[in-house]
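Each of the two complexes below includes subunit A, the first together with subunit B, the second together with subunit C.
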Partner chain A sequence: MSQTGGIEHHASTFAAVFEIVSFGAIIVLVVLGLGIIASMMGIFNFAQGEFVLLGAYVTYLAYAHGAPVWAGMIAAPFVVGALGFVLEALIIRRFYAAPIVAMLGTYALGLIIRESVRGLIGGFYLTVPEPIGGSIDLGSVHISAWRFTIIVITLLVMGACYLLLARTSFGLRVRATLENPALARASGISTPLIYGATFAFGAALAGLAGALIVPVFSLFADLGIRFLIQGFVAVMVGGVGSFIGPVAGAGLIGTLSAALPWVMSPVVADVLVFVLAIAFIKFRPQGSLLGKGSNHHVD
Partner chain B sequence: MGGASEAVARVGEEPDVVTGEGAPAARAPAGQASAGWKVLPIVEGLVLLIALVLPWVLQDYLTVFATRVVILALFALSFDLVWGYAGIMSFGQALFFGAAGYGVALMARDLNVTSILLILPAGTLIGLSAALLLGGFLLLGRYPSSVIFVSLGTLTGSYAADRLARGWYYLGGQNGIPSIPPLTLGSYEFEEGPVYYYMVLGILVVVYLLCRFLVRSQFGLALAGLRENEQRIAFFGYKAQHLKAIIFAVGGTIAGLAGSLYAFHEGFVWPNMLGVVFSTQVVLYVLFGGSGTLIGAVIGTVIIEGVSFWLSDNYRDVWPIILGVLLLLVIMFRPLGLISFVLGERERVGSFGKAPKESGNAAP
Partner chain C sequence: MSIERMNLTRRRFMGNFAFATGALATGVGSWVVRPDWANAAEGPIKVGIATDLTGPIAYAGNADANVAKMVIKEINAGGGLLGRPLELYIEDTASNESVAVGNVRKLIQRDKVDMVLGGITSSMRNAIKDPIVARGKTLYIYPQLYEGKECTPYLFCTGPTPAQQCDTFIPWLIKNGGKKFALPSANYVWPHTLNVYARKVIEDNGGEVVFEEYYPLDQVDFSATVNRVISNKVDVVFNTVIPPGVGPFFKQLYEAGFLKNGGRLACVYYDENTLNINQANEIEGLASCLDYFKVLTKEDPFDAKLQAAYEKDFPGNFLFAAGSAATGTYRGLKLWEAAVKEAGKVDRESVAAALDHAKIAEGPGGPAEMVPGKRHCKMKMYTAVAKGGNYEIVARSDGLVDPKEC
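Moving on to the complex of A and B:
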């Protein structure tokens, strides 16, 4: 958050609020895919951070090869989503029975992706320019146009996800598969295909998140890890098993992470957010994981 | 070349703690059918033997490296107890390792305490208290905690501690605490090298034997039940959460011991020791070697560290990728780890404690 650069505008509360909201939006974007996979499939995908990294990497590749940045950003979710589909069919599928094994397996997967990217880019921080540069001036306040765009896109993506899951027949199938896989199969829904599509969709969202945030954070191999733990905590605070839960959790965690450093030392703030979140989950387990979603998986 | 053979040799090097006294202990209770000869004591004996002769074979700098591996094997044991025997996924085991490391480093820096007689108990105590605190919080309480909550809670704890250490000037920030003086006993200083190696190996052997006794006792039986089916164990009247908290604390204690040895061996501590890097590293060791067998944890550590050391000259960039692929393959196709190639299921499960009054060895 320190690098988000709000510090020079001590003055304006508005600028502070903008910083906080835009970081919250970034966390929501990252968590969306994580939450959908956790809720719909009951597994915590440790490779999600690396999907974010891949999205960022695809965007960088496009840019490095002379394509416009926005083209890379559009390609990223498709590339990462396709990869997610393949990985689900080859590997993830074996892990559904045991959530802990799924965590370890996806961790290994993430390790492979992260280290491959590290091998490709070296230990550098590579910058990608913002496709929409400059700032929006509101009187004396200047806010970054790109961060504003991220907020708008996050809202659009959230809305689209919600509509997709709640209003389309695909969403109905996904929810049916989540609710009762056996009955869904009996009704003629191809549950393996649904699982594959859901995982690919979650991966694509992570890819999109990575593509959008790479101009802000630049590209480095540990980009994904930075968000992974925050994402997990957000999902658990919000509660697994619904669409809105993880999003709300992400909003809360993202906002807190961005807001607290304004009132206390960033280090303390950072740690405090995690402590508060874990305590919250501990004392409200129904609201979080224990309530739904993973009951049938706990071994 | 030298490096290669050493790395391979190392596979057996450190660990083996078990053999000598461990074997009879294991055999006696295994009163049931004579299962022929057992693989486990042989593997353990072999590993111990190699570990014992290693400093004579290795050059000095490799002995220093081997010492580090022995300490990490001790750390791996702590995770194996918690995950392999009780089914608690502690994704933050480095928290206890690193906290103890930082604690003893501060004792050395600010209080000038370097005596092994104070440092090791202190480190152990730090590990124990940290584990009691975190474990008590995560595991105890009105609602039994889900396995996912515990794993994410420990992971988060470790990550938060890492961040805290990085940002806290008193703890040296990013750089950690450098130039810790050597461990002392009276006026004797434990320098890196064979002496430190044998000291650490001795500690590993003792801890290994204690662990081995623990997991083969009636307590170990209850733990195994916990791992296999927690609900059923609860129906039998055990306080499953308490059992978990106890073994979690034991794990933290051992991790603390390992952390303090590591801090003084390396001569510095740094935030990674507390964080996700070490936490996941230890998971790799144990899964790779074979969780739920103590020797598997040791062998996994030795293989991963050994190969990584050997490859670091030529294939530094590729190694983490290979490691990830191997790990994935192990998880998918050999969930019991490499040790399962030589160790049968029956022996892995083993038998437990003295059966009360000759009548079955079931729980009382």
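Moving on to the complex of A and C:
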């Protein structure tokens, strides 16, 4: 009897850890692009949530027109990345000198995208099936196959981003452009192109995030805004200026907001996440969970 | 003469134009649908509709506005009311209470409508009822299913109440699901008040509430809740979580094996619109209790006629469905029509006195009648279960169910 109880207890602990980690992975995926744009370009993109929404919408469109869902998921980052590149050239570029204006400007941009999508989908909540559906059964525990896939893809994307920014010549140019644009230009780097490419890359990551999460949350116009606040707090906690800071912040915020409802009333948990984040930022105004960070973001 | 003729044509053109563009809400917020004939001595009777044409619940508001256009057109085609045509004024409440109050004042002060029907959420009703009923001295009809306890004079409710949605439904759930209930809920007035009633009915019928828990309205991850449902071996999840959370919640329950283990989902606002939030297999067996389901068109000729007329005029995505107040809107307008006919005039006192006991022999789901002195509506109720992405009726009330309010 106690034996069975012990097994069940282990099983439910495992399920809990899986669920919490999977939500953490979703937040990391959503924040990755936001963090890269904030860290590398010094602006906070309030339209990032709507890029997530667009990725979800592209996936839905592909599905609604009879294409396989995974085809839509592959197309989404390219479509949203291309849109990001165009928007950077037309609009975002004008905001670099004024980060506060950039927040308002990107918020307006996000509002336009969100309300347009709302019009296009008629304000409904639309389902998109997952390419890998159902659950993986481990004895008495059932875990979602798609959430498991998301964890794997998040780890792969994180690794790829890190390698791209830290180990390739493109990454070197991006970092050089950030560190000292004038010197980068003098060294023959086309800084406008680098800014455009970085923004497009951040947008593409949001598009990918949207594509991957739409089967979990269904498609609706406010899908992106739901994650914007959490993303903002994650970047604040993690600290701007490094690749790993926002990612760590996102992992922490995501895990915390999924874990707290297990031990307390969900309404209290919702608020407590933000209270903890504010307290953290109060004592570590530089953000950064990892001790380094904003010291090498010099303008 | 020729100028008058011109005016008439232009007016008619504008009327048709407004009719055609009414659904394409862009935020301007005011539409007038004028009758094709306006030769009565007294001028038209003005009907005001205040509903959410834009914002998160625009799908419901547009359906309600469409129903109003259909009913008013039908009444006008039959010669109007008291020999006068009806003129329809539609204002957008924009899913936003502060915008709504301003727009509702336009209906009252500028357009001087004789009656206002609308509002979908309870917070909207609470925001606009004072401008309409108290300061506006106008009759107000609220068409949506809701938590009950609205007993303001001159405010008439034509959607189902907790008693109507629970009294037959919960005993059915205990018989066809089990005794252990969980009440996961969105944290606002409707779930809080409905759950008080539901808990009483559950316990009176020998059931037990394992947990009752409230979540922020935008929560989309329910792993902790799903775990409590599974580990407590809950039989029936009586859900009042609303979109956007409800889709992920049902999906997580499905993935955790709740349905596979024989669990029963129940949700009293689930209609044809909300069926699309999840894939059909994720909500197989979900039970709902409402005043109308589209599947009734197979057995009831009046429902078939009504549904066909709506779909002919409004073929788009805005469905004629009970959960978005479309049926309550139809019922409200027809009861009001009956009241005006009986009163023989349109002033608030006379119409309210007649509406107090108004009846209609035919409506969505069957006849309906106001309970005298209660300003709530008796109607037939149906329990339906989702099977393969459609509903099947599995139980129905014996006759008209009492709202038990006020």
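Just so we're on the same page, the second predicted complex is superposed on the first by the 275 of 299 C-alpha atoms of A that agree within 3 Å, B and C clash if a C-alpha of one lies under 4 Å from a C-alpha of the other, contacts with A are read in each partner's own complex, and residues count from 1 in each chain.
Here is the rule we go by: a residue touches a chain if its C-beta (ideal position, glycine included) is under 8 Å from a C-beta of that chain, and two chains touch if they have at least 3 such contacts.
From a predicted model like this one, the values you see are computed outputs, not experimental measurements.
Trainee: First (subunit B), second (subunit C), both or neither: which does A:A258 touch?
Mentor: second
Trainee: So, does A:A16 touch the first partner subunit B, the second partner subunit C, both, or neither?
Mentor: second
Trainee: Determine, under the contact definition given at the top, whether A:G159 touches first (subunit B), second (subunit C), both, or neither.
Mentor: A:G159 sits against neither subunit B nor subunit C.
Trainee: Going by the contact rule set out at the top, does A:F124 touch subunit B (first), subunit C (second), both, or neither?
Mentor: A:F124: touches subunit C, not subunit B.
Trainee: Where does A:H142 make contact in the superposed view: on subunit B (first), on subunit C (second), on both, or on neither?
Mentor: second
Trainee: Tell me which partner A:A221 touches in the superposition: subunit B (first), subunit C (second), both or neither.
Mentor: Second partner only, subunit C.
Trainee: Which holds for A:F232: it touches subunit B only (first), subunit C only (second), both, or neither?
Mentor: first
Trainee: Touch test for A:P68: subunit B only (first), subunit C only (second), both, or neither?
Mentor: Once the two structures are laid over each other on A, A:P68 reaches no partner at all.
Trainee: Of the residues on subunit A, which ones does subunit B touch that subunit C also touches?
Mentor: In the superposed arrangement, which is not itself an observed complex, subunit A uses residues 118, 265-267, 270 for both subunit B and subunit C.
Trainee: Taking the complex as given, what residues does subunit A use to touch subunit B?
Mentor: The touching residues are 44, 91, 94, 99-101, 103-105, 107-109, 111-112, 115-116, 118-119, 225, 229, 232-233, 236, 265-267, 270-271, 274-275, 277-278, 281-282, 285, 288-290, 294, 298-299.
Trainee: Using the touch rule from the top, collect the residues of subunit A that touch subunit C in their complex.
Mentor: Its residues touching subunit C are 8, 12, 15-16, 19-20, 22-23, 118, 122-127, 129, 134-135, 137, 142-144, 147, 216-218, 220-223, 226, 257-258, 261-262, 265-267, 270.
Trainee: For the complex, which residues does subunit B have touching subunit A?
Mentor: 87, 89, 137-138, 141, 143, 145-149, 151-153, 155-157, 159-160, 163-164, 166-168, 276, 280, 283, 287, 317-318, 320-321, 323-325, 327-328, 331-332, 335
Trainee: Per the contact definition, I'd like the list of subunit C residues that touch subunit A in the complex.
Mentor: Going by the criterion above, the answer is residues 55-59, 187, 213-216, 218-221, 223-227, 231, 243-244, 247-248, 251-252, 255-257, 260, 273-274, 276-279, 316-318.
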